[in-house]
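We just call them A, B and C in the order they show up, numbering each chain from 1.
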């Protein structure tokens, strides 16, 4: 029994009268739909996560990853799928419960508008704040991960700094790539201007591509190594990568460039240093070192 | 919402200017046929005279006859001018210049009074007529784009042979793309923005009725030049028609460029009309916190379109100039830059996808409240979502250009802005989920579309997250993964939302109930086929298949076969849906004024809607979301809280 | 039911003219915004190509850039006719109908002269549109101004005719104001074009790679 005089009009409750916070959570959890929703949420989160493996399975069917950049890309996809799974699961759980659940009243079908039975909830501050927080955290995580990753692969692939200004233990191989309708031409300036239409490169050696076009926009895509840069007429663009797997991989044009765009493909062969030197000699250029 | 009456103006009592001729004047004699004939005649004359005058011999950078380009361009322009003259579009401006102002009788004639069905074939200003005209045009464009899609998937499905020549195939994908984009831009703002929005805000018509008619007929005039490209060698350059590849296309490309230039005017005028209507013609009492959310969505899309469309328009004007005047905006040999084209294009290109998806999202949010009989969850967050998306959409365009090498360090800020826009977009998803929460769904077709669309948004959204990351884009850009992503967003979340919205407002617009059994069969066939088609396409992209190719490595065969089978089934589903629309329109059950029991203003007037919309203009006293009953859990909470309180504590 | 007819009403919808005028003013603002994007597109084209100097083809042959004074003379012409129209509007607001009529006639003559001047400038450039990026961009800045001038000529002609007919009055001169608003925007658009075309001539980029090569 209290001796305080109660106020006549609505006022904030005094602290001693406010129910404990855990009471509200317990009360919410006591509602059947809340427990069902949480269960669905957990199930969907768990079910979505393996999609990450599925995505990578398809990407690796032709031999990827063949470089650190490609591995980086795959890790990113993996992580992004995992962190996005909870929010996707929330949406899916609500969709499913709305259609199939019972505690919200179940579905109505019929010609006439149904009776008004849904609760007139206009807002729920906690729900809104939780959502904004979760989506902002997710977006923030994705952005920071992306920015850091972009910086690292740019550093690892030499970004837009010319080759002769790179600090590097191993000297990168400069390759000039020219896209023309509808062939790729590769020229190795350090190997006495050796020209080729397939790309042969030594394993574990940094490569630095200077790419241009002599007619329309093409796009130089070394598929399993995970690099791509447009070949623009009137400009030179650059990208670098270090292959780390032996084998033959695909180079495809990734920007519509006319009639035979579909056929503008060639191969990249990642070989051992010795094989590369042999190839250079056979093609008429000098040894690299 | 509660509606009080207000007297209408006594229009006849206002002093009238001189009546020049019969009411309607020149427009009594014009219609779509006079327009088409005048357009064709003027085009033929221009071609005939022009081919005698054309200076043969001047060549541009790709060695094409510059004179011939100018001749074809002039012919297209003559078609547009002739058509607009023939349908009576110039009558209004000429009358204004000469001071022959419209009388009330003129205005009523132009609104279609007394013309019965013929008013749909004329330059009619009544927003309801324009809305129906846009609806028909949209269906035609989807039919054309869909037909091309079937041909494209046939080529990709027949992996052992080339069905079409590479040039024709490239033209087909380009035409399919731009036709669908145009159709998606107008699908909600055209039919529903025009027909429903003025009703929803309690107005008699839009702010500028004559501009309304103008925007529709400009669109009509723009379509034949575009479609004719397939007969004139095609646009062999995808819907983005990048330069300088575009300049290698034959004269059919000029049809595309003229279409976009004219369409940009049409869209700009329509945007001016929509925005002014929403700002200045709301009923008394409809303050900004009582406006139906659909209006806010239409407004957002109109603002984005108004501000950015001229960028796209100029990209085509300058490309046409490169072709005809041998200028070198995009020709690197003579000082031009391909990156200039790409920037101008994507400065519109990105807001454009929001122009496509925002109206559909707004329509679904609006109709959800009716079918769940629940208020909109967090109206403020919905507004914040639309405002945020509209604003941030202007600063994300470079994510379409990550791989161009244009500005490698631009990847950082634009990755940031692209992630940032997912937050306001997330507000819209919050509003949808929150409205659905604890609501009892009335599972009619418009509501079922909401479920389908949210599923598609989830898939489109996660794949968008992958693509927004620059390193991942290094793999995915230019592959079929991107194609699948944007189909999930523009078609999965855009078109299916439009189907739901059209199903919802069908009774008000056509006066008949849609045959929901058949329409639903079509809808769900299309929905599940859509999943098959585009999930397989994701797989093809992940495996490394580039886009815009008609032949490809055997590794991609299975994905393409599955996509093609799915695509045919989408076609079947869409045809079934169209069948439902057409048969219901012709002899469906007559619809009552408010079959859904909705509270927005358009349902408070009779069906069919009278010419003046409302006998008396309504006055609004609350927002249109007064559905639902008090939350039973609230009273439980209350009791438990009160049990803990001392005797005599203030009531909550 | 209001019986007050002191405020003039629109003949077609019966609404007060002031309501319609406010609506139309918003419409013109929106048109100006759209027009502004177009101007920005041309300015971006000019400045971007100037900064790149692709294949060293920014400058016209023999560095024959256009003279600065025709650009500014044209801007002056547009500014003069705009000022005249505003002056005329101020007059009619006070009741001097004749001022607006006269101003509109004079303004349209100035606009015609300016349009002729613009066409002359276009045809007497020391380069043609195919002579590189500067030539292309300058050409189009001037073409856009010519298009604006034609539109303005028609609008101002309409104002003078309507004033003469008594359709633009002291009580209801909103149409004249709307045209004047748009003319003011055209002044700005032309001035921005003149600014870039007369101050940003030689490109700062002298180290560009030449087409098809890997140097630079």
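We take it that a contact is a pair of C-beta atoms (placed from the backbone, for glycine too) under 8 Å apart; a residue touches a chain by one contact, two chains touch by 3 or more.
This one's a predicted model, so the numbers in the text were calculated from it and none came from an experiment.
Asks: Quick check on this structure: which chain has its C-alpha centroid closest to the centroid of all protein C-alpha atoms?
Replies: B
Asks: Tell me, please, which chain's centre (mean of its C-alpha atoms) is farthest from the centre of chain A?
Replies: Greatest centre separation from chain A goes to chain C.
Asks: Cα centroid separation between chain A and chain B, in whole Å?
Replies: Measuring from centre to centre gives 29 Å for this pair.
Asks: Mind checking the centre-to-centre distance between chain B and chain C? Centres are C-alpha means, answer in whole Å.
Replies: 31
Asks: Chain A to chain C: how many Å between their CA centres?
Replies: Centre separation, chain A to chain C: 46 Å.
Asks: Mark out which residues of chain B touch at least two other chains, giving numbers and ranges.
Replies: 332-333, 336-337, 339
Asks: Please list all residues of chain A that touch 2 or more other chains.
Replies: If we look for residues of chain A contacting two or more partner chains, we find 233-235.
Asks: Among all residues of chain C, which ones touch two or more of the remaining chains?
Replies: 54-55, 211
Asks: Along chain B, where are the residues that touch chain A in the complex?
Replies: My answer: residues 166-167, 170, 236-238, 242, 244-245, 248, 332-333, 336-339, 372-381, 403-405, 408-409, 411-412, 415-416, 419-420, 422-423, 426-427, 429-430, 433-434, 436-444, 451, 454-455, 458, 461-462, 465-466, 468-472, 474-475, 477-479, 539, 542-544, 546-553, 555, 595-597, 625-634, 636-637, 640-641, 644-652.
Asks: What part of chain A is in contact with chain C in the complex they form?
Replies: Contact set of chain A toward chain C: 176, 178, 189, 210, 212, 214, 233-236.
Asks: Quick one: in the complex, what on chain C touches chain A?
Replies: Contacts found on chain C: 54-55, 209, 211-214, 216.
Asks: In the complex of these two chains, what residues of chain A are touching chain B?
Replies: Residue positions touching the partner: 1-2, 4-11, 13, 17, 19, 23, 27, 31, 33, 55, 58-59, 61-62, 69-70, 72-73, 76-77, 80-81, 84, 88, 90-92, 94-95, 98-99, 104-110, 112-124, 127-128, 131-132, 135-136, 139-140, 142-143, 145-147, 149-150, 153-154, 159-160, 211, 215-217, 219, 221, 223-224, 226-230, 232-235, 237-239, 250, 252-263.
Asks: Spell out the residues on chain B that touch chain C in their complex, using ranges where they run on.
Replies: So the residues of chain B in touch with chain C come to 7, 9-11, 13-17, 60, 96-99, 101-104, 106-107, 204, 207-208, 268, 271-273, 275-276, 279-281, 306-311, 313-315, 318, 321-322, 325-329, 332-337, 339-340, 343-344.
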